[in-house]
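Please read through the structure below; I'll follow up with questions.
Residue numbering begins at 1 within each chain, and the chains themselves are lettered A, B and C in the order written.
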Amino acid sequence: MKLQKKIKGLKKFKSKLYKKDFLLTWEKSEEDLQMVLEVAEILKQLRDENISPKVFDSGLAVSIFRDKSTRTRFSYASAANLLGLEVQDMDEEKSQIAHGETVRETANMISFLTDFIGIRDDMFLGEGNKYMREVGEALDEGYENGVLPNRPGIVNLQCDMDHPTQSMADLLHLKNEYGSLDKLKGKKLVMSWAYSPSYGKPLSVPQGIIALMSRFGMDIELAYPEGYELIPEIVEIAKKNAKKSGGTFKISHSMKDAVKDADIVYPKSWAPFHIMEERTELLKKGDKEGLDNLEQRCLAENSKFKDWEYNDDKMKSTKKGKALYMHCLPADISGVSCKEGEVADNTFEQFRLKTYHEAGYKPYIIAAMMFTNQFKNPAKTLRKILEAKNTRKGL
Amino acid sequence: MKLQKKIKGLKKFKSKLYKKDFLLTWEKSEEDLQMVLEVAEILKQLRDENISPKVFDSGLAVSIFRDKSTRTRFSYASAANLLGLEVQDMDEEKSQIAHGETVRETANMISFLTDFIGIRDDMFLGEGNKYMREVGEALDEGYENGVLPNRPGIVNLQCDMDHPTQSMADLLHLKNEYGSLDKLKGKKLVMSWAYSPSYGKPLSVPQGIIALMSRFGMDIELAYPEGYELIPEIVEIAKKNAKKSGGTFKISHSMKDAVKDADIVYPKSWAPFHIMEERTELLKKGDKEGLDNLEQRCLAENSKFKDWEYNDDKMKSTKKGKALYMHCLPADISGVSCKEGEVADNTFEQFRLKTYHEAGYKPYIIAAMMFTNQFKNPAKTLRKILEAKNTRKGL
Amino acid sequence: MKLQKKIKGLKKFKSKLYKKDFLLTWEKSEEDLQMVLEVAEILKQLRDENISPKVFDSGLAVSIFRDKSTRTRFSYASAANLLGLEVQDMDEEKSQIAHGETVRETANMISFLTDFIGIRDDMFLGEGNKYMREVGEALDEGYENGVLPNRPGIVNLQCDMDHPTQSMADLLHLKNEYGSLDKLKGKKLVMSWAYSPSYGKPLSVPQGIIALMSRFGMDIELAYPEGYELIPEIVEIAKKNAKKSGGTFKISHSMKDAVKDADIVYPKSWAPFHIMEERTELLKKGDKEGLDNLEQRCLAENSKFKDWEYNDDKMKSTKKGKALYMHCLPADISGVSCKEGEVADNTFEQFRLKTYHEAGYKPYIIAAMMFTNQFKNPAKTLRKILEAKNTRKGL
């Protein structure tokens, strides 16, 4: 009943997700985003009610991870498996990519019976998202010329610009915390840089957060020590989004001041934009000494901002002293995973289970991205799933 | 018919396996053990009769291997696949465990759509089993707080204390060799240390064997060169089990004498308990030189006991000269896999295919552990499988 | 209708593929080969028409890759997945093969619930194919003695002698390019050595091509610089095949001359037979210095034949100036993947998409090899698939 109603409700979204890769949230309309959120919730509820939403009888979901990953890797695998696809890891060391194969060729070679390619490529500024588009163009060519029986969808599992499966999971978390997207209006969300003993953390999470959350009428404050800029073009997008959605967008340079009266705080370390540019050049050249020097320099610089730790003191100044703490995990927790880090132990502990819930949306967000990419009329297919009533577990 | 009868027969076992992890055989009642054996046999027969016991339409079975493995890895994968789950390897080098994530968090992050986590962690004395329980507690917390839609079961794929999938497969082998568990009463089983040119083999197999087989009225003799002790607490458990089950338990120090009149012999190398303690400390410290020294010392010590090889001479003195030879494989076979080893080539050869049969029960034991962990009334679910009559192969 | 007719047409082939491994094309009858081609086309058409040919409800397809691979790895995974099997990679570094296990034992240990073992072993001359047969004998023994419930089939994913999944995919490509196998009669196919800046490329592709294509009445010309011989016994097979099929077989020593009036050209680098023998000995000994010396010597030798590049100039002299260019991919493309290579950039570009189509047959060839190995009456099983009309995608 409830599910039927939810599925019926999908009709109101004029989304254009079919056969379009989900690479950047800011390329998607609000209706697209809402469709993904709703389908994610429906898929979750289906599974919770032990109804299997398996819509593929066979097919591969290829994954290409150019950086370490636990949660995104398992989220992708879970999503693929839920819909009936088998994950095949494209291990570039084992494969002949190492032999100098072109992207164009490889993209086709791994796609003859493939429905999705999930890619994480977040190390090289200016490269990750570009690479995904290159793969996409190769798949277009292959499909148009009859090489591929269908055009596999691409899922951006984190690039240099955005981390859409993360930010969309975060948005779904907020929707559930506050009851609806509408209720996010006027809420103050602080995306703040935080101290970490490591350096070189990708920019995609803070960028993804400000570019997405600014679309729902929130008051976004981006706080970082001077010099720790994000990619300027993406900050511009956030500014425009905020204006359009009736919210605000502000940059400031003190975590302590920024979190005052905040409803939501997202304290997370990242490396400054210009450092990532420098680092990308060094990585490309394979200049190990240069990389070591850069790391030393950055760590020294970072260490000036150890007071950028989110803790109970700072929390006290947030709205009613209990702003919702968010993190993409793993967080650098002072005294737990490092000596001094992004967040104090006892502060994190109060929100630990909430961050797990936050993470738990990701498999369903990915599944929804897949679902809406491959099924033209998601409501119709979901209705069929509901009617078929195949059990997920048991007979 | 026969299957229907077998399934009906399950009713007599008041087992408490549902939602309980199978971590140590000595935590399980005899009825629990018999239930697992029976379900394993039923699942095997179903597949042999081309009936698919697939009870999951989707879901992951995560595996965490902290030590090398072929047979257990494939057994786990086969069991999961038979029931409809997809194996996802948690490669700690690829994942962010390497980044200092806590067990508590990771356990939840990999479990949002996961039904089982299989863990092998046998290298560090005092750690492996403890780690599994930590994972279990994290999953309990996640489940109780709504992070996880269900509590994934944990399968102990070998720890520092026990190797329950191995010992249970061995028990099923014995049951089939002798016709019933009852017929094991009064049989003499010798678990004997044997010489191997390597060192540091885990204690979990001999410990698992004496702790489990002592529950069925057998006369267990544990033989090893003085100094090659197992964990004392587990030896105590075996003693008590033997007493309770109407069998005997004895420790002796000559393979030659021990195997006299034996019905069953299990000659296998292991490292002494106190050496494993020493080794664990060195491993924790990453003391490579210390580890090398320890290895040299142990190999020198081992080499005093090259006559602890099981061979035709020794076999002649067993019951009717043909005691059942058992091994978890791979055995160190003299002249085959090493110069001098645990067993003589021609002796092994007489029992080689039997050891393959022995190993062949493991996938079904694991599947039965999974089945009884996730289905409250195994008989009912098995009956449904029988009625559905889905073919495993063909249409 | 069309599918029904195609399936009906299978009746005319008296093939003997059931329960026989597909290790070398020259061990198979023409009817066997035609059966595989036809079944491959039917499976492809089924999937293209969104009918799922899943015939296994569970089961493993083990893969053992002893050399790098992208396209064959994904082809094998796709084929297995299409039929309902889950790929399990046998990573010899992770497994206990590294511990000195014998092939005989391991083959059984990984096969208790396994339906196929796909093997790539192309590095050691005289070893790869032999290894596959050893695995096969071990499986026979296990099956005959009740260790294994069924005899898993072996798929040769490239050995030292043949690369049957490649050559059969190539043959299916030719069949589709020309309309039928009959139309291949009298066509001139040139299998030519080509320059590459690397050395040590396996012989299995050129050997597989001449041994297979010579069976269909084509005029085969094998061209290579003097000294770059293939395994003599296989060249003899090609000669005999050509004679029997009404074609011709010729060896020559100039790519430029050979391609004149060719209908089909297959320019590809390989290492001379005697060098591969030398290399095999050095690899076995682990003689790194010897291997380096050999590489230097060979590269110097190769560099004398940089004019063995296929390019527009050479293409002009082929039949109507537009011979069909073939390659197993990845090709060494001059100015793209290397400075000077097997084929000129613009020449390759004209046939690039055709080579993708060529590669696209491989998953279906592998699936057809699996299908005919495990189903006695492929037509009957295919008919059932057609009747069941399970959708591959969607409900």
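Brief remarks on what is shown
The criterion applied here is as follows: contacts are C-beta pairs under 8 Å (C-beta built on N, C-alpha and C of every residue); 3 or more make two chains touch, one makes a residue touch a chain.
Because the structure is a prediction, the values reported are computed rather than measured.
Counted as hops between touching chains, the shortest connection from chain B to chain C is 1. Homomeric contact chain A/chain B: same residue numbering on both sides for under half of the interface positions.
Centre-to-centre spacing of chain A and chain B amounts to 41 Å, using the average Cα coordinate of each chain. In chain B, the residues touching two or more other chains are 86. The part of chain B that touches chain C in the complex is made up of residues 47-48, 52, 54, 65, 68-71, 73-75, 77-78, 81-82, 84, 86-87, 329-330, 336-338, 352-353, 356-357, 359-360, 362-363, 390-395. Those residues of chain A lying in contact with chain C across their complex are 55-60, 62, 86, 88, 90, 94-102, 105-106, 108-110, 112-115, 141-142, 145-149, 374-375, 381, 384-385, 388.
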